[in-house]
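Two complexes come next, and they have one chain in common, chain A, joined by chain B in the first and chain C in the second.
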Partner chain A sequence: MRSRESLFSRTAAMLVMGVFAFYILLPVWWLIVAATKDREQFTGTNPLWFADFAFVDNVRELLTYRDGVFLRWMGNSIAYTGGAALCGTLLAAMCGYALSKYRFPGRETLFNIVLGGVLVPATALALPLFLIFSYVGATNTFWAVFLPSIVNPFGVYLAQIYAGASVPDELLEAARIDGSGEVRTFFTVSSRLMFPGLVTIFLFHFVAVWNSFLLPLIMLGDERLFPVTLGLYTWNTQVNQLPELRGLVLVGSLLSIAPLIVAFLLLQRFWRNGLGTGAIK
Partner chain B sequence: MRRIAVVVMTSVLALAGCSSGGDDAASGDTAASACAPSTGKVDLTFTSWIPGIEEVVKVWNDKNPNIQVKVQTGPNGNGGTYQNFFNQLKAGNAPDLGQIEYDTLPSFRVQDGLANLAACDIVTGAKDKFVDWTWNQVTFGGQDTVYGIPQDAGPMALFYRADLFKQNGIAVPTTWAEYAAAAEKVKAAGGYITNFSQSDVNQFAGLAWQAGGRWFGNDGSQWTVDFSDAKTTQVADYWQDLISRKLVSTVPPWTTEWDNAYNTGQAWTWVSAVWGANSIATGAPTTKGKWAVAPMPQWSAGDKSAGNWGGSSTAVFKSSKHPYEAAQFALWLNSSDEALTLLNQKANLYPATKSGATLPALTTGVDFYGGQKIYEVFAEASTQVSPDFVWGPLMTKTYADAADGFKAAVSGQGTLAEALKTAQSSTIQAMKSQAIPVKG
Partner chain C sequence: MKARKARTAHKGAIAFFVLPFGVLFALFFVLPVGYAVVQSLYVVERADMFAPAKEVFGGLTQYGYVFSDGPFWRSVGRVLLFGVVQVPVMLGLALLTALLLDSGLVKAGRFFRLAFFMPYAVPGVVAAIMWGFLYSPNLSPFTSLTQSVDLLSADVVLWAMANVVTWVYVGYNMIIIYSYLLSIPTEIYEAARLDGAGPVRIAWSIKIPLVMPALVLTTVFSIIGTLQLLAEPQVFRSFSSAVSSTYTPNLTVYSTSSIPNFNLAAAFSVVLALATFALSFGFLKLTQRKGLR
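Showing the complex of A and B:
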């Protein structure tokens, strides 16, 4: 009886997972198929199966349209996202480490404020940030998007947990006795122990900044500074005026998720470890 | 811990609340500001979402070393650029010039964001270059007010499948009564005469505009709002009848499903603006050569009137330090042959000037329409658009409310006329809550 029950629950679990996988993958499949069609076949043929394979032509059209502005947008996105995720992870790691390992007055309060920050959606901050950047005359610059993207309270929260779980206090004591300074200890010992956790923070941050949209929309007017999300959205709103843009938006959307997939494939090994570490303790 | 989080949240909300409060509506201030040329080199910024606008502006910059224009871009107006304009006006860093559609100009006017160009003699002197009704769209009918330079227009006509009408022996309708009669024959032949758009309320406004409906009025001290005048109700009841009898399809517009309906010959006509020519050509490529364009059907046989759907102006924001130079650039952009030709090539803009109709690109036959000189039909329609249709100050809200009602109506709940009535009261309500003086 027991084994039959478990077979049943296993099947049920597989079924639920299968349904969800189908639900999540179907739009991606549609996107892949749509990106391979030329304009004429896009409306006329089965949306979920291939027609003549025009993917290469579509990509070439996208990359050459308006002097390759799409590549510029991809580059911008990588600069905003990669830079912000790296700096943000470092900041979050140092912050979380300090909150976890040092005793100082106001520590609890600081940590609670950071936790409060987790609850504030980034969209609610976009307009105040715009007014602040307007005040210092820095809107419509690279920094207007880059600087706010570095801040990641959720990362600090995660780093605090990871530091508590993976860096033993005895080790820090030993390092201090051996004469290592606090900064040196952080970079040579603690950050390595926290590494799987930092990968998680990096990935979360990377995805959040890559998909961030409202902040660049409000801050930027110069097309050459747009990240790829805003650029594609801009094209999409012009479809009524210039219908040929629709095909470019589709191919562009497909290409724009590629870096996310690459980041996940490269880092998922660390990520799984990292999630496990946090969950057990 | 939880308490602190709440404090943080509320202070953020309060901050967001502060910045979204509207300025008081100013409707008395009509005196034109001074408009004197600046000395020395002038740098202007111009925000527009026209595809390829940089290349048009480059032509100006090459010729005018002392008035250099820098282009900023973004999504279309309702996609975010209008909200950005409002934010920038608040923050004091709005561009000198911005693209604003006719139906949104009043929103910026009630927020007191626009420079009145009536003091610029170059602007008032250019009045006769523009088609009369487009000029009224930027003056709101006033004598000493000019809040923008008309850029493009969307005179409406009837796109129809010439081949299908001919094969089935159906005459091309010239009146709305004939159009309804043709709809029955088209249904019998297995198609729909058109697709009624549940979300393009501005298209419906164009149909009401043609019929003589007037949605808004402004006597200088307060607004009047009326979406249920006799003419508008006539139009609403007409389309409601076609929807109820299932003589029109109701797929959501601007989707692949909608393109497909035109591409496969399910939908036979489209009452649309001049820019629609390109929408059909791209959305329904397999029907090349089978379409033709005729004037809009009329409410009484022999009438000659047309509606308008879309169109933009180039406005100068009040914060601009160089309104004279900005106006100079806007006039060049929207009335010189070289700029209009480029705008037409890059973005299919149909000029708002009288002479624009004679641009070479607009007087030749179009292959997709079997070689018909379709733009001649639109040029004539443009002269038949009534000049006294006024937009309200909260059109985004009006459109959204009416579209909600339209969506319900096409699925069988309520009618178009009821949807308009609801939208009317919610528009009045919203205007009152923003302290915009309104009757009713």
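Showing the complex of A and C:
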């Protein structure tokens, strides 16, 4: 009786998960298949199965189109994102650490302002940032996108939690007795203890910047400064006039998501553990 | 050691830790907000058609325009409708799959976790382009569906975008809820199981109440995301003429700023930021009482 019931629930559970997996994976499968087809076969053949394998030719066409502007976009994205996420994680770690480990006047206020910052979404800031940067005449530059992307209040919030959970106060006392300075203790001891948490902060900061769209859209006019999302977007708006762009948009989309998916596969344990923390504490 | 109101120790180190973030936060978070507020209080005036434009203080004039701007409020109504439907559906699916993963009934849990989380790595722009192709009547693999129902028509396109947003974020929310479930000690379920409660009963009466904090967090983030909807509608403008340049509040901000009417766009921005803040903060306060420990 019991086992039959459990067989039924097992089958039902697997069925639900299977249908759901189908929904999630189908668009990506379609994209992969579409990226391997040449222009003629894109419409005439089964959209969910391979025809003649033209992936290499498609990639070559993409990388050479307009003097390789796509590669430049990928490079820009990596520079904006990698740089901002690295700097942002370091600054968030330091600030969160101070909030967790020291008592100082204004600490509560700072914490509340930062928490308020979490609730003010990046897109709401894009236009105000544009106004500031145009005031100093710095729109349409690398820095106009890079500098604002460094600031990550949610990272500070998470770092504060990680520091509280992974760096024991006794250890800091011991380091003080040994004569180690506060800053040195942070870089040699505390930051190592916080490291898994910091990777999580880095990962989510990376995704947020990689996906950001309004800020570059509003700031940048020069195509050579575009991140890859903005580049693909502009191509997509031109598909009706230049049909050859359709294939390039699809292959470019696939290439632009591949690095992130690979990074997430490799760094699983960090996002799995880290995602829970924000909710638990 | 724990002197009452002693002088702060390690001042230099604290400044070293806090200032770099603090300065950038002030420059690129606080200052822009302040500057936008200031800009929103000005109006552009010309003596006559050929005179140079001049910015003069206009008080709350721009806010008067904001509050009487029909398309803007229609766009606010649209994203609220979107959120009221999409957020519960997405979080319901996330909760269901998280509970299934946690129930022990599912084999290959690792595969499902990875597969469901994967779309989170896909930028909104790319996800919208991909689904835009899948929806379009002559390119879609589902021509039988797309040729009978126009998914890009004015009536349906909002829900077509809701599907894109759900596709991107459902797995992310599932992982948050699932890791929260993992942190609950299993002994709690033992007693219920001994009393003969089945998996559904345990999920409904024990797990869901316990997982509430995670649901609150995911709801707040989803509310913020909904009000900020931009990349998806902006991309869909290439696929569907039903998506206007004022389809969502953020699109309104963007198209107003490219007129260019920065003062009015700044006023839109301020109203939108305040509304987002009020909604998410209100929801947090409503459901939580714990602050900084």
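Everything that follows uses one rule, which is that the second predicted complex is superposed on the first by the 250 of 281 C-alpha atoms of A that agree within 3 Å, B and C clash if a C-alpha of one lies under 4 Å from a C-alpha of the other, contacts with A are read in each partner's own complex, and residues count from 1 in each chain.
Keep this in mind: contacts are C-beta pairs under 8 Å (C-beta built on N, C-alpha and C of every residue); 3 or more make two chains touch, one makes a residue touch a chain.
Since we're looking at a predicted model, the values are computed, not measured.
Steric overlap between chain B and chain C is present once the structures are superposed on chain A. Legend: residue contacts after superposition of the two complexes on their common chain; A:L91 is shown touching chain C, with no touch to chain B. Shared-chain residue A:L131: touches chain B and chain C both. Of the two partner chains placed by superposition, only chain B is touched by A:D222; chain C is not. Of the two partner chains placed around the shared chain by superposition, chain C is the only one that A:W30 touches, whereas chain B remains out of contact.
Considering which of chain B and chain C touches more of chain A, the answer is C.
By the touch criterion stated above, A:L242 is placed in contact with chain B alone, chain C being left untouched. When the shared chain is aligned, chain B and chain C each come close enough to touch A:Y233. Applying the stated contact rule after C-alpha superposition, one finds that A:P47 touches each of chain B and chain C. Once the two complexes are overlaid on the shared chain, A:G116 sits against chain B and chain C alike.
With the contact threshold set out at the top, residues 42-43, 47, 112-113, 116-117, 119-120, 124-125, 127-128, 130-131, 135, 217-218, 230, 233, 236-237, 239-240 of chain A are in contact with chain B in one structure and with chain C in the other.
Interface residues of chain B facing chain A in the complex, by the touch rule stated above, are 1, 4-5, 7-9, 12-13, 15-16, 19-20, 45, 47, 49-52, 54, 72-76, 79-80, 83-84, 87-88, 90-93, 95, 254, 256, 259-260, 263-264, 275, 278-279, 281-286, 347-348. Per the touch definition, chain A reaches chain B in the complex via residues 39-40, 42-44, 47, 66, 109, 112-113, 115-117, 119-120, 124-125, 127-128, 130-131, 134-135, 137, 139-140, 217-218, 220-223, 230, 233-234, 236-246. On chain C, the positions that touch chain A within their shared complex are 8-14, 16-18, 20-22, 24-25, 27-33, 35-36, 39, 93, 96-97, 100-101, 103, 105-107, 111-127, 129-134, 138-141, 167, 170-172, 175-177, 179-180, 182-183, 198-199, 213-214, 217-218, 220, 224-225, 227-228, 230-231, 234-235, 237-238, 250, 253-254, 257, 262, 265-266, 269, 272-273, 276-277, 280-281, 284, 292-293. The touching residues of chain A, counted against chain C in their complex, run 5-6, 9-10, 13-14, 16-17, 20-21, 23-25, 27-28, 30-31, 34, 42-43, 47-48, 91-92, 94-95, 97-99, 102-105, 108, 110-114, 116-117, 119-121, 123-125, 127-132, 135, 147-148, 150-151, 153, 156, 164, 181-183, 186, 207, 210-211, 213-214, 217-218, 229-230, 232-233, 236-237, 239-240, 249-250, 253, 256-257, 260-261, 263-265, 268, 271-273, 275-276, 278-280.
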